[in-house]
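Across the two complexes that follow, chain A remains constant while its partner is chain B and subsequently chain C.
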Partner chain A sequence: MEVKSANDSGITVITPMGRVDTSTAKVFEDAVMAAADANGKIAISFDSIDYISSAGLRVVLMLGKKLKASNGTLVLINMPEKIFSVFKMSGFDKILKICANFDEAKPLFG
Partner chain B sequence: MATSTKILVLDDEKDTEDLFLQKFRHQITEEAYEFAFATSQEEVQKHFEIETFDIFISDINVAGMDGINFISQLRKSYPLMRTIVISAYGDINTLRAVMRCGAHDFVIKPIDFNDLLDTVRKTTKIVASMKQMEATTKKLSAISDELDVSAKLQRSILPGNIVKSGSIELFADTIPAAEVGGDFYDYFWLSERKLGIVMADVSGKNVSAAMFATIAKTLIKSFSRIYASPAECFKNVNITLCAENVTTMFVTAMYGIIDTEKNEITYTNAGHLPIAVIISGQDPCFLECDPGMALGIFEEVEFIDHTHCFSPGETILMYTDGVPEAADPDGAEYDFERFAAVLAKNAKASPNALTQELIKSIRQFANGAPQSDDITTLCVKYRTRITPNVV
Partner chain C sequence: MLFEIKNKIDEITYLCDTVKAYCNSNDISDEKYHDIVLILDEMVTNIIMYAYPDGGEHVFSVEIEKTNDSYVNITITDNGIAFDPLAKDDPITSLDIEEREIGGLGIFLVKQLSECIEYSRIDDHNKLNIKVAIVKKEENHGSQERK
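On to the complex of A and B.
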């Protein structure tokens, strides 16, 4: 698994690529946590991942908690139906901000 | 932190000590080497009573022929220590014998100090890599110990896997992945006519997941006696888990209470996969329910109770994502279609037989690909209206 990171309008856009499962979750975790240390405005784009397991969900939640504690913002974008159903199934769509794309997410960063 | 290499030198000539201290003075000042000296086997023993050494340099004449045994003995007691013998030209046979019994290198007398320096340097490198190897081995064995502990912990929290009582026949099973995950199932009689069933999956692996699973399982079972409604039970389990949870672990879970008098199951969901319903002659379906939210994340979650009425001979199945997400060598998933097909084909089978057929089908699909997640199932066949005779 690979994690890409880019800056757009002061927002760090993180794009995990491939499978986020138990064996790759640590790579994903290290990447998002480092990004959160540098910038409190983070968007994660899910358009390049095939699969996310509960270990991957946990990383997203940890990031959400961390940013909430530091008054930062996390928005999840570009989610394919299959990935969205994983978030919906576990109920996490209720506590995480999910937007169709980056343009829709932008206003949420204030 | 780099530690100095500890070297013990055995030689009966007092000059040797001065010579070593003089020649190695830079390394001693830089604390690369730390020397100790002995002039007899007895003194060597005394040194070893106090500390261990990385390198043992011994004059072959002091060690002597019985010194061969001495070196061999030391080697057995301190397998990580390297031995260098110092020998005169004439002693080639003794030297050969000493090398055979476990000395690692030698230096010829009169000592060429550049040669000695080289030999010690080379040996130090070997010692360092051996130490590293030992540390790695220890780490690996600690990890495998941990895996072992979590496997035991995971097994120990599961109840037996078969219940046959009146209208209910239950079979539950778990096949742990190579790395132990946090799946668990549970069932418990709440009264003579009510059976609680639980299926859950903790995010994460190994000891931490197994411990979280143990806590969650205990809470669900305890709260099930206090709160008659599954939703109320989960609400309170969730609040308790959130309060204690510093690791951001969570557990998805489904909890149902089968009422054998009313022929129904009341269930609630905490972010888990829906219950499958299998009725002979019909397509299997999955019980609609509010997803709720995985337990341990967010305190203010409301859960909702749903009720489903049993048809005679109906089978229900609770499972974890290890079932639909089992992958073949190309990474394709088993998926709900294959899952539903196997359930339909085995609608009349006993819970045990249905579970075995399901596992067989998953194994065939996986085609040797390593199992990346636990596969856990709990299957109940509901036969008639007869009240169970279990207390």
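On to the complex of A and C.
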């Protein structure tokens, strides 16, 4: 599994590629946690994954908690409908910020 | 289709490839492939991680069968330690981010994505039957209210 990372307007945009499951969650976790240590403004783009399992959702929740505690911002973007439905079932749509795309997410970073 | 999985986490890749090929050759949509592979990932991962605490090499079986145009039946049989996934409490999904527990979502997602789940312990084997609807349901799972 590959995790891409880019900087756009001072925001770190992380794009996991492929499957975010138990066998790849550690790579994803290391990438997002390192990014969060370096910059409190993080967007994760979900347009390049096949699916995210509970192991991946755990990482997103951990990151959300970490950034909330440090007054950072996390916005989830570019989520295909099937991925969004998994976040919704988990109740994560109520505790995490989800935007259609990067342009809509930008103002949330202040 | 019946296939075997070893209790090694790398096997998830083989599982996904096998499910993808099965869905492609049985006219199962990408959307339903997503649900089926996620269900299998969660349950198979549980077995790989927890069913064989002795750490030795073991093999268990997965069967996927499209019974008709409406349903796919998944059967997972392992001879690991007894584990009833339905006995676990669901996570509380209405809590704030600070209170949400990290973990415990896997089986909950499987319950949400499937039509019915049956667990039985027979002759030292765990047997899990999961029925998945492959026709689009009327309910609007996908009505999205994005900000």
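Here is the rule we go by: the second predicted complex is superposed on the first by the 110 of 110 C-alpha atoms of A that agree within 3 Å, B and C clash if a C-alpha of one lies under 4 Å from a C-alpha of the other, contacts with A are read in each partner's own complex, and residues count from 1 in each chain.
In this section, a residue touches a chain if its C-beta (ideal position, glycine included) is under 8 Å from a C-beta of that chain, and two chains touch if they have at least 3 such contacts.
Because the structure is a prediction, the values reported are computed rather than measured.
A.B. asks: After the match on chain A, would you call chain B and chain C a fit or a clash?
C.D. replies: By the criteria stated at the top, chain C and chain B clash after superposition.
A.B. asks: Per the contact definition in the header, classify A:81: touching chain B only (first), chain C only (second), both, or neither.
C.D. replies: Second partner only, chain C.
A.B. asks: Should A:91 be classified as contacting the first partner (chain B), the second (chain C), both, or neither?
C.D. replies: Both: A:91 reaches chain B and chain C.
A.B. asks: Give the label of whichever partner, chain B or chain C, reaches more residues of chain A.
C.D. replies: C
A.B. asks: So, does A:50 touch the first partner chain B, the second partner chain C, both, or neither?
C.D. replies: A:50: touches chain B and chain C.
A.B. asks: Answer with first, second, both or neither: which of chain B and chain C does A:100 touch in the superposed model?
C.D. replies: second
A.B. asks: Contact-wise, after the overlay, does A:22 reach chain B, chain C, both or neither (first, second, both, neither)?
C.D. replies: A:22 contacts both chain B and chain C.
A.B. asks: Touch check for A:109: first (chain B), second (chain C), both, or neither?
C.D. replies: neither
A.B. asks: Give one of first, second, both or neither to describe whether A:61 is in contact with chain B, with chain C, with both, or with none.
C.D. replies: A:61: touches chain B and chain C.
A.B. asks: Touching chain B and also chain C: which chain A residues?
C.D. replies: 19, 21-23, 50-51, 53-55, 57-58, 61-62, 65, 88-91, 94-95
A.B. asks: Show which residues of chain A lie in contact with chain C when the two form their complex.
C.D. replies: Interface residues on the chain A side: 19, 21-23, 50-51, 53-55, 57-58, 61-62, 64-65, 68, 81-82, 84-86, 88-91, 94-100, 104.
A.B. asks: Going by the contact rule set out above, which residues of chain C touch chain A in the complex?
C.D. replies: My answer: residues 9-10, 12-13, 16, 31, 34-35, 37-38, 41-42, 45, 48-49, 91, 93-98, 100, 102-106, 108-109, 112-113, 141-142, 144, 146-147.
A.B. asks: Which chain A residues qualify as touching chain B in the complex?
C.D. replies: Chain A residues touching chain B: 19, 21-23, 50-51, 53-55, 57-58, 61-62, 65, 88-92, 94-95.
A.B. asks: Contact residues on chain B for chain A in the complex?
C.D. replies: Residues 179, 181, 201, 203-205, 248-250, 252, 270-273, 291-294, 297-298, 301, 321, 325, 331, 372-373 of chain B touch chain A in their complex.
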